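First subunit A sits with subunit B, and in the next complex the same chain sits with subunit C.
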Partner chain A sequence: MMFKRIVGTLVAGALAAVFTVSTATAYELVMPSLDYRTGPYAPNGIPFANGYHDYLMMLNGRDGGIEGVPIKLVQCETAYNTKQGVECYEKVKDTAPSRSLIVQPLSTGITYQIIPKASVDEIPVHSMGYGRTSAANGKVFPWIFNFPATYWDQAAVFVKYIGEREGGMENLKGKKIALVYHNSAYGKEPIRTLEKAAEKFGFEFMPLAVDHPGQEQKATWLQIRKEKPDWVMMWGWGVMNQVAIKEAASIRYPMDHFLGVWWSGSENDVLPAGDGADGYLSGAFHAPGDTFPVHDDIKKHVYDTDKALGERDRIGEVLYNRGLIAAVYATEAIRNAMKIHNTKEVTPTMVRDGMEALDLTEDRLKELGLPDFTIPVKVTCDNHAGPRKVAIQRWDAKAKKWSMITDFYDTMNDIVDPLIEEDSSAYAKENNITPRDC
Partner chain B sequence: MNPELLFFFETVIGGLMAGVMYSLVALGFVLIFKASGIFNFAQGVMCLFAALALYDFMAPGGWVDRWFGFTFPVWAAIALTIVVMIILAWLIERFVLQYLVKQEPIILFMATIGLAYVLEGIGDILFGSDVKPLDVGIPQGASDWLWDNFNLYIEKLEIFAAATAAVLVTVLAIFFQRTRIGRALRAVADDHQAALSVGISLRTIWVIVWSVSGIVALVAGIMWGSKSGVQFSLSLIALKALPVLILGGFTSVPGAIVGGLIIGVGEKLAEVYFGPYVGGAIENWFAYMLALVFLLFRPQGLFGERIIERV
Partner chain C sequence: MFYREAGQFKDNYASDQALFPIAQDRWFVMIVMGIAFVIVPFYIDDYWTNAIMLPFLIYALAAIGLNLLTGYCGQVSLGTGGFMAVGAFSTFKLTTAFPELNFIIVVLLSGAITASVGVVFGIPSLRIKGFYLAVATLAAQFFLVWMFNKFGWFLNYNPTGQIHMPPREIFGVLITGPRAAPEVKYLFVLIFVSLCALAAKNIVRGRVGRSWMAIRDMDIAAELIGIRPLEAKLTAFAVSSFYVGMAGSLYFGIWLGAAEPIEAFGIEQSFLVLFMIIIGGLGSILGSFLGAAFITLMPILMKNFMVDGLGLAVVTAKHIEITMLGVLILFFLIVEPHGFARLWQIAKEKLRLWPFPH
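Entry: the complex of A and B
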């Protein structure tokens, strides 16, 4: 009996040792995905999550992961709820073996909450085109990235675009520009920039808040009908976008003077309004459509092998492509980290270095199967917002297609940079942060 | 007309129309509460579920299309959705309510919370979470005639919803007052025990009342779905119905209508005239505040039954 017990213990010990060795050698790159596939914002969360998922699965299928190291995608449902999002972050951050290499919160509210946590946990956060704008200052926010552009850049570009359409920035004087915004941290982000721009160019700024979820906006659009702003911008999300576009069409507001943030410019937002949405404009930092070589690889390695979570005919939708480019940025940062630290077993700290050395050139985008998909991105120690350029896209209701109608505009540094400096300095002071030397 | 006065009228009419949309949701709550004393937390999700089912019967790419290769015309899709809502009512009674007959109202309320989550989950699995543009032929956009002749902006959809609500209330009134089942429903609402003692089957009545409530949910789902597309945020319209119920009373059909109109006008006027002074987006909480003020003076709501408890 005693002999059996000893043998049993030895066998169990040997198995445990073998198991430990095998897991130690099978290193995986943990990439969490804070999704929202349920709740009122699911129609927007699903295509983004699918794009993110599909690109990572394609790399696993085609290349065995990044540089041959498999990716372990860890999904967690936030329902676009800040509390749930923070719980997700806590749940996934220490996932073995690598810990979370990079976190994409996909919500400005969640981003604000995890900024202090991630900085302590030393996990890079990429709030791609959302989140706290002043995180662009890498000296104060070493762990937070928001490239390729911030909300403040986008607001500045919208003013620039409107100025161009009006025949020159000087013609903005006396104009009235309304902002219909989601009454949340996200929706309020562009207000200060637009106030500053209003001071500088002499237009009247008219902010109009819409409460979550935005199913009923009659009062807002009655005010727009009464005040007759020359232009309307929108910082909306979810059902708020669809209702706003329908209401705008109902009050016969000209769609070519209605300009949404890039989170208000997907197929979901315009289709319910039918022909009424024709000509609606939105910001963009990447192309729509599934005509890029990377999409062919995704179809071959993910959809043909039944690893997809979404539907094949939805590949290439605006939010799908946004999830895809988020995954491209993250995986390229990991690849960079491997090169910089000369190891394939990278950690979140190394990936932060990879993010800060990100230099996604046109040639590299071409190699990745994304020629002319987006602009090159270069991130540095002090500039975590990258190129800060924004283009405009337009909806064609008959063809049911988005198309880019402008080149990429530069931000207005004279307006946005001082605001970033002011806000990041205030954050540093409040949190006793000594800015890094970059 | 003076532009300011015109704008005031537009706001009031817009508020009345929005109020009708809230009333359509509130009616479903009232029917179930009146007959069984249950506050049905799942009413908003029932609106969503009905709209999802309707869309799937008539839209290309839905279940019916994928399985059988055809879709139903609108009238048939509506009829089939009514059948779905009746089956749902039967299932709810069979698997949830019958086990909770003698429980406290709070237990039944908790059960409906669970039901809401289950229905939402089933809806997600069966129909997907995409935004579904619903077109059952209801006219959309501003009324051209009012716009051209009076420079008034009123949505055709909301005029249609108001007319539908009027028809619905009339049909419900006839159903409750003139039919045998309606009288049985009122008997159960007045006194469960007495109704049981004269041979009225509580289980049958519950199936009927949940079915009627499901049909009302379908009507609300069609109106809201036509407005914003069918999507999961539809379930949150229940939150818009709550102040209507507080104000109008949980047991009164006319109360749901009048309450909806007062809430609709009140919140729109508040948003337009007071909102700009306090940063805007006040209509959601203002509706509750308005309802609470009424509550201070009439705890049973405007048309609710007076609560008399003898100790």
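Entry: the complex of A and C
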């Protein structure tokens, strides 16, 4: 009896939910969010997803959406797993009424899976500073965007920064630089660039792989202790970051010579190592902290109205702000699309045009409540990677704060550009794509 | 009432040896196949193909493969992920080296290559038994995945360590890649899996299958009645790997289209397929399908029910889903340790007696 009653309630609830969903008729902007709040990558997935969610909810609360059209946020849990990511993508892509306007997978593996599919489904993908680097070439990848910079730009900038710290690029000769990387497509991305840079500047390059999920790194750091590289770079994600920084601290590796990719530089990554992590460096393209006017709006319209998924005191963490800026890029692209096509009922195809015409100036960022938050971004038809500039931030373990310590560096075009050209034309050839004219 | 074999007489050997000796079973299977081949292709879309049907069918094929080895021959294997990787990488190398080669032949060849690798890793089974063999096959898992990740030749020197399936046609119809129609992919895999399941069903009823089962039940007794363990065990490894290799080939070629060795073919894959046959039923072809359906479809079903139906938060639904899946596995294993196939059999027995059980 009891069982039947429970089943009955569940079925009734399900039916009611289905019917309430199908009665919505007004136009909405569908923005999917492929989150991962479970699994070994959750510590990094949660703040990013919260930032993305909160900014969109803030727009809905404050402005009624984008130019008055409400945003429909569709969440799907991927657990950073490629197969679940594919399931999520297929599930959300045709969500009524506008279809998915822009997809942000936040996983290089899932991005690789989605790139060919999205190009056929005609849905723009923004892999913001991750994913396939050669997607920077908009001639071959019209639907894929990876601004504001690629992995290869970051690797190049890191070499530049190390050169500067060593007192000039010529001093790189004979130095030993190790790369601790997640043994996946993501972690392997920078290897070719660093190999090229090693050739050019004469340093010794030492790649060290860490297998998924990255909890076991004793052997890797034993090797670092033995080989004593002058610098260590890291391409890590999820628990791997915390473990690496803890291990580095335990072998007393100098933190000011340990440099993480911008996915390895958030509060979650350094806090577990305590004071040992003081001085750890990482790449960055936006400021940390919750001191910007936009954060006040978020607190007012999202947290005060109980629409938030996260905790109030975690607003402004590095990855939170990154999710936020991802949402800013996406919504600005949609706004652009509305302007270009002169309609409020935009489709994914229009949003792609909006992305390609994206020109986010400092003035516009100020209007959005983000003064001095990040660099201006300008995307064009052939350059989908935007400004390709990277700065360095440092962790202060006493104050428990990240702070930017350098200006934005330009990438090394002489190393990265030929690689992008080579890789994208190989992809075009393999898949019978004729690069379009820009 | 409906399921009764009274009045069905078998007056020749052919009808006695039929795959489904009971008419109702025969009709049921035919109707299911009819729906799968004729009706489903008209309604299938991208989501149903890529998220539901392809994973189900491909994992069912892998589960049949492992079931032949573990369920019928009694050799525990944890190398399934590694063997699927062999199938996938063979497909990648073959299809990039010989773009003109028909994809059907590519899949079959990938299976054959995997079979030969499987035989090599099966040799220790002549000396090692039970849990110890499981550990030996675990070595295959780690070694194979490490090898594919380590040597650039297998990846065609792709700097990111990924393999990509280029678009391929058979008989002028695009079969792989994002532009292939969902119903074409589905039908292609369905035909493969149906034929393979039919072949497996017949293998296990024949001399070879019986020798496997004899080895499984008591290897010393099997030897005494004249079954050569070397031959029986190695054929089991070969046939099993052939199936798993084809599953790996379809998994990479048709379903995913891109794969990286560690994530796509890790140890989790081996466990997943092993769970499928344990839950579905060891030593049963039907069980392979039921187990694959449970493991691949249950999470999606629960997720869609909780998120779209009940409107739960996505992350809460995920946590409940993980917990519920564990609870359900426990529940079914306690209720029926021999898996879904046995439940199905019991249901049929009961139906025969219904409405007068005794």
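Observations
As a working rule, the second predicted complex is superposed on the first by the 413 of 438 C-alpha atoms of A that agree within 3 Å, B and C clash if a C-alpha of one lies under 4 Å from a C-alpha of the other, contacts with A are read in each partner's own complex, and residues count from 1 in each chain.
Heads up, the rule we're going with is that a contact is a pair of C-beta atoms (placed from the backbone, for glycine too) under 8 Å apart; a residue touches a chain by one contact, two chains touch by 3 or more.
Nothing here was measured: the structure is a model prediction, and the numbers come from that model.
For the composite obtained by superposing both complexes on subunit A, the positions of subunit B and subunit C are in clash. In the superposition on chain A, A:112 makes contact with subunit C only, not with subunit B.
In the superposition on chain A, A:211 contacts both subunit B and subunit C. Legend: residue contacts after superposition of the two complexes on their common chain; A:38 is shown touching both subunit B and subunit C.
In the superposition on chain A, A:276 contacts subunit B only, with no contact to subunit C. In the superposition on chain A, contact of A:430 is made with subunit C only, not with subunit B.
In the superposed model, A:268 makes contact with subunit B only, not with subunit C. When both complexes are overlaid on chain A, the residue A:183 reaches subunit B and subunit C alike. When the two complexes are overlaid on their common chain A, residue A:341 makes contact with neither subunit B nor subunit C. Stretch 129-137 is the one of subunit C that runs into subunit B, the other listed stretches 129-137, 201-209 or 255-263 having no clashing C-alpha atoms. Residues 37-38, 183, 211 of subunit A touch subunit B in one complex and subunit C in the other.
The touching residues of subunit A, counted against subunit C in their complex, run 10, 13-14, 17-18, 21, 35, 37-38, 75-77, 79, 81-83, 86-87, 90-91, 93-94, 109, 112-113, 116-117, 119-121, 132, 183-185, 188-189, 191-192, 211-212, 309, 423, 430-432.
For subunit A in complex with subunit B, the residues that touch the partner chain are 37-43, 46, 183, 207-211, 213, 215-216, 218-220, 222-223, 225-226, 238-239, 242-243, 246, 249-252, 268, 271-272, 274, 276. Every residue of subunit C that touches subunit A in the complex is listed here, in rising order: 46-47, 50-51, 55, 149, 159-162, 164, 166-167, 177-179, 256-258, 260, 262-264, 266, 300, 303, 305, 308-311, 313-315, 317-319, 322.
By the touch criterion stated above, subunit B contacts subunit A in their complex at residues 3, 7, 10-11, 14-15, 17-18, 21, 120, 124, 129-131, 133, 140-142, 153, 155, 224, 227-229, 231-237, 240, 267-268, 271-272, 275, 279-281, 283-284.
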